[in-house]
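In what follows, structures are represented as structure tokens.
Two complexes come next, and they have one chain in common, chain A, joined by chain B in the first and chain C in the second.
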Partner chain A sequence: MEWLNAIFSGPFLAILGAALAAGCAGAGSARGVGVAGEAAAGVLTEDPGKFGQTLLLQALPGTQGIYGLLVAFLIMNNIGLFGGNVNVTTSQGFMYLAASLPIAIAGYFSGIAQGRASAASMGVIAKKPEELAKSMLYPAMVETYAVLALLVSILMLTNV
Partner chain B sequence: MTIVKMKRLCLVAPSAMKRKLLRELTRYGCVEIESGEKFLADPAWTEFLEKERGEANAVSSQLSSMNSALTILQKHAPAKGGMMVPKRTISEADFYDEEQISNALTAAQKINQLAQDITELYNRQNQLMAKKCFLSPWQNTDVPLDIKAGKTVSLIFGTCPSSVNLADLQDALSNVKECKLVLENSDKEQHYLSLLVHKSVEEEALDALKPKGFSTVSFKGYSGTARENMDWIDAEIDQNIKTREALVANIVEQQTERQVMEQALDALSLDNTRENVLNSQLYTKKTVYMQGWVPEQATEQIQKVMQGNECAFEFVEAEEGEEPPVLLHNRSGLVSSFGSITELYGLPGYKTVIDPNPFVAIFYFLFFGLMLSDAAYGLILAIFGFLVLKKAKPDGMFKKFMVLATCVGISSFLWGAAFGSWFGNAIPTVVQMATGKEITVPYILDPLAEPMKMLVLSLGFGVVHLFLGMGLSGYRMIKQGHVFDAICDILFWYLIIGGLLAVLLGAQVGLYVALVGAVGVLLTGGRHKKGFGKITGGLGSLYGITSYLSDILSYSRLMALGLATGVVATVINTMGGLAGNGVTGWILFVVVFIIGQAFNLAISLLGAFVHTCRLQYVEFFGKFFEGGGRSFKPLYNKTKYMRILKEEN
Partner chain C sequence: MKYGEGSIQDIDYLYSTARLRSLERGLLSHDRMDRMCDAKNLEDAVKVLAECGYDDTVPVNPGQVDELLAEARNELFKLVESIAPDLDIVDVFKVKYDYHNVKTFLKGEHGGENYQALFIPCGRVPVEVLCENLRENSYKDFSSSLRRAAEEAKEVLGRTNDPQLADFVLDNACYKEMLALAQQTNSKFLVGYVKLLIDSANLRAVVRSRRMGKDADFLRLCLIPDGTISPAALISEMNPDAFEALYNSSPLAAAGVTGAAVLRGEARLTSVDLKCDDALTEYLKKAKYVAFGEQPLIAFLVAKENEFTAVRTIMAGRFAGLSPDMIKERLRDSYV
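And now, the complex of A and B:
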């Protein structure tokens, strides 16, 4: 039953948490940025001068991936992965895993949803480029929930 | 009261004076002329108006010619300096100098003509390339393409798909004795063939070949062999490229005229704006009628202009139900720069009591810095903004944004210094790599070590911000005479939220305060409803506590985004330091550091901008802002390259 021990070892669970945080949030951002990029390319075919503005909108759903990276880094740092001396009990490992879940789940879904909002905002840029600030706010509303999840993840982590 | 009071201006001017009049009005930049089209539906007006209004706009085509010429010039001979070059100054008389403008138009026409020639040469080159492509399979055929093979014999060129076997073709021709099929060339797709045939059996031979996919090729218009043709095509393409280079050089030569052209572009675009205004006005045979808006304090100045131009005019108050355009008056340039954030959201209505800009300025400054929260990033931003302001001397919206960048850069620097964040933990990392010693940068609060303190700070700012927004709303209610509403909708909520906060901080008395507030809301919340609604309305209002709760929690983003900046910067430093203290280690560190920090700065700036705006727009403005204003758009010297000096007279 060596594999069972390996699975329920603290370090593995903590690293699994880091992997979920970076992986899920990153996947959400990738899909969001992708969807926004498709719409941006469409706007550009009409007016290549809007490259900068569309790029800003496309970058918005990218933050979830960064939040995921951030939480993953904090977990790796907390368990001492960079120092080479990992010392985590099984119960701590589960706690790290749990703490990674908010940003993993909210990051994945909000990344996609924010990407769709960004893509829709590209239409605003196409027709009324002067309303960039307003069009950026719709995707930003979605991001709120990723920010809240990040916050909860961080608060949990710092208290494990 | 900081929304400028507007007066309606009605004027009748002699048609002959209209251009001079508008030019002078533009100089002051404080008159907005409306379109007269709304009167055209009114028979009382149309009765004595001329049908033909204004002349065709000749300036517009000159403007577009100038625009395209400058774009072409920019493409072939880019101007140096970019955004760091200040606008040139010029007096108004020189600015509209007719001779200069006509010189510039000549230059523009020349450039446009050259560009057109270049396009034609490109088209010719494409044609030649296509011809060459068509001829090249035949280059080994050494008979002239236009050969007349004689009275009795025809020479026919043709192709068939490369899938067809050549022996099959010969077989098909086996019944036709007086012919010879020669393979000239083959490529992946086709065989290229020549068929020498006696005229009497020509059709027979072609019919035999047709089922095999043979089709004739016509060389109409060519003379000589394919090789000879390709040679002259090559020669012409060479010549074509040389001619084009010479034409481009001619265009580049015209850059001596660039400054004149830039000036003319500005002058023409201003003229064009005025012509468009004039085209939408109302004309009689000799006069023109215009309507517009003027800020009250500018009426005296404008009066002088009118008198100098033989106009009949009057200033009147805005009528009931008429919405004058909105111009915000700010004493300090700093506050008006932050006002651009308000303008991005939308202007307050004309009758608004509250000017949000001073509050926006304070909290935008605080929040942006808290979200960027890195001293080094702040310094970079502030220095960049300051340099642009100093060197390029921008004006308008661009200037406001640069002032804004400088301010929020300073704020980020202060917050970053308080958190001990300089490119994240770059300083300790570098010191440790170099000497192996561990040092700490001085700080007041380490957000990562004490996240609860940081969270309380963020939410605390949130409560202050929200209370201010509610207070402004209450102020407006009192100002409009609804004191009771202010008590019910604002004061009771102050009691509830303030009381609950006091409980959180450990003062039990807060509970009673909150209860008083809650009872107040419960009793008065349904006051505008009828019957049973008076009871349920109170409950519904009390349920609004959830929205206050979510508003306050929304400010936790102040902490989260600040942490994100710092931690990502730290991740970058850690990655850069992985290769240790060797030569390669340091090279890796520098490369990772520069790319990574630039990336983080860009992403964090975007995040800080968007989320600071959100807090202002959604949480703060949501409490009190009355929008719906239409911005005041006066005629003014809107220029791209020149700054026109004001002449006082």
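And now, the complex of A and C:
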């Protein structure tokens, strides 16, 4: 039962939390940026002059990955992983794991949703390039929920 | 792969939708059509066409316009096939050219006229192969529906000597195959479009036939059975008011009203065609509100084909010396 003890050890649970935060939010961003990138390529094929505008829209779903990375760093820093002396109880480990969930879950789904909204906005840019500011607002609204999740994850982490 | 079965999803259309949205800016809008009609001379009209991506060479006769449009049609199908994730959707729009080419071949052979220029090389079967198959009665490159229809049309033409009856056989089979292919793609939008196409073809056929004093037997031959309004109802409804009521809840309501007016002798026959085409364009406009999916691709393909018709109408009108207003009367609503 050594593996069971290893799983329920504080360090493992905390590192699992960091992995989920970076992994899930990163996966969401990767899909979102990919979806937006495909649409951007379509616009660029016909109108290479819109590179800057499409790049801006494509970058929007990339933030979730950064938020996930931030939370992962905070967890690793808090448990002393960089110093080489990890000292976390099982109960604390579970708390770190729980604190990573908001950004892991919201990051994954909001990344994909924001990618779709960005891709849809590419269609607006394709037809009406002067409406860039308005069309950016729609995917930017999705960002709210990634930011809220990041906030909750950070608040939880600082109080573990 | 079929749309909606997990293999092809709306996000597979990201690239094609974005690319087509860019190209939609170059479509012949109503404003551009008006400019072409009002242009002082042919050179100015061609300048508008050049804005839409056409060649800026000024045509000297309607034949050159047809050549220009044939080239543009080939380019359109090449483009759409290169970006469509599901080629079955494009096939739905290629089917009609196969049937058109079979009609052209049969009529040409029957009448002994030179018909080579009338082929449209955008079908699923290349024109040379199609002619060879028809000459040898082998049909090995035909779909089963096309084969059955070609055989029947040949037999009908040989027996009755009436090309119109052969046309009915081919038209019926064409719409049936279009619908069957559309249903295979699992795109509700495409199925809805083909059904509306069938309804509008039936509406035009009923109005035209009744104006020509044809009987119910004639209607039974030319009506297509797979639309939302059954041919039985269309054949039995002889009163213009009842005819109009049949279309009350359909997208063809306005065409139904005009059709009834034509039956009463209060409107011209061409106004029914115009209303039917406008209803089809109105249906396609739903695609404007779809962020990505097969709908924008279908709408673009049809919008472009409608554009070819509009260009031909305008240029033919200008060559014939018609006034701008007379040309504008003949133009349909535009997708953009």
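Everything that follows uses one rule, which is that the second predicted complex is superposed on the first by the 160 of 160 C-alpha atoms of A that agree within 3 Å, B and C clash if a C-alpha of one lies under 4 Å from a C-alpha of the other, contacts with A are read in each partner's own complex, and residues count from 1 in each chain.
Rule of thumb we're sticking to: a contact is a pair of C-beta atoms (placed from the backbone, for glycine too) under 8 Å apart; a residue touches a chain by one contact, two chains touch by 3 or more.
None of the values given here were measured: they were computed from a predicted structure.
Colleague: Using the overlay on chain A, decide if chain B and chain C clash or can fit next to each other.
Modeller: The answer is fit.
Colleague: Between chain B (first) and chain C (second), which, if any, makes contact with A:Lys127: first, second, both or neither?
Modeller: After superposing on A, A:Lys127 lies in contact with chain C but is clear of chain B.
Colleague: Per the contact definition in the header, classify A:Phe51: touching chain B only (first), chain C only (second), both, or neither.
Modeller: Touch partners of A:Phe51: none, neither chain B nor chain C.
Colleague: Under the stated touch criterion, which partner chain does A:Ala39 make contact with: chain B (first), chain C (second), both, or neither?
Modeller: In the superposition, A:Ala39 touches chain C alone.
Colleague: Name the contact category of A:Phe8: first (chain B only), second (chain C only), both, or neither.
Modeller: Touch status of A:Phe8: no partner.
Colleague: Between chain B (first) and chain C (second), which does A:Met136 come into contact with in this model arrangement: first, second, both, or neither?
Modeller: The answer is first: A:Met136 touches chain B but not chain C.
Colleague: Between the C-alpha centres of chain B and chain C, what angle is found at the C-alpha centre of chain A, to the nearest 10 degrees?
Modeller: The vertex angle at chain A equals 50 degrees.
Colleague: On chain A, which partner's contacts cover more residues, chain B's or chain C's?
Modeller: B
Colleague: Once superposed, minimum distance in angstrom between C-alpha atoms of chain B and those of chain C?
Modeller: 8
Colleague: Can you list the residues of chain A that touch chain B in one structure and chain C in the other?
Modeller: Common to the two interfaces on chain A: nothing.
Colleague: Could you pull out which chain A residues touch chain B in their complex?
Modeller: Checking each residue of chain A against chain B gives 56, 59-60, 62-63, 66-67, 69-70, 73-74, 82, 133-134, 136-137, 140-141, 143-144, 147-148, 150-151, 154-155, 158.
Colleague: Please output the residues of chain C touching chain A within their complex, sorted ascending.
Modeller: Where chain C meets chain A, its residues are 11, 14-25, 83, 291-292.
Colleague: Across the complex, what residues on chain B touch chain A?
Modeller: 344-345, 448-449, 451-452, 455, 553-554, 556-557, 559-561, 563-564, 567-568, 570-571, 574, 603, 606-607, 610-611, 613-614, 617-618
Colleague: Touching chain C in the complex: which residues of chain A?
Modeller: For this pair, the touching residues of chain A are 35, 38-43, 45-47, 116, 119-120, 122-123, 126-127.
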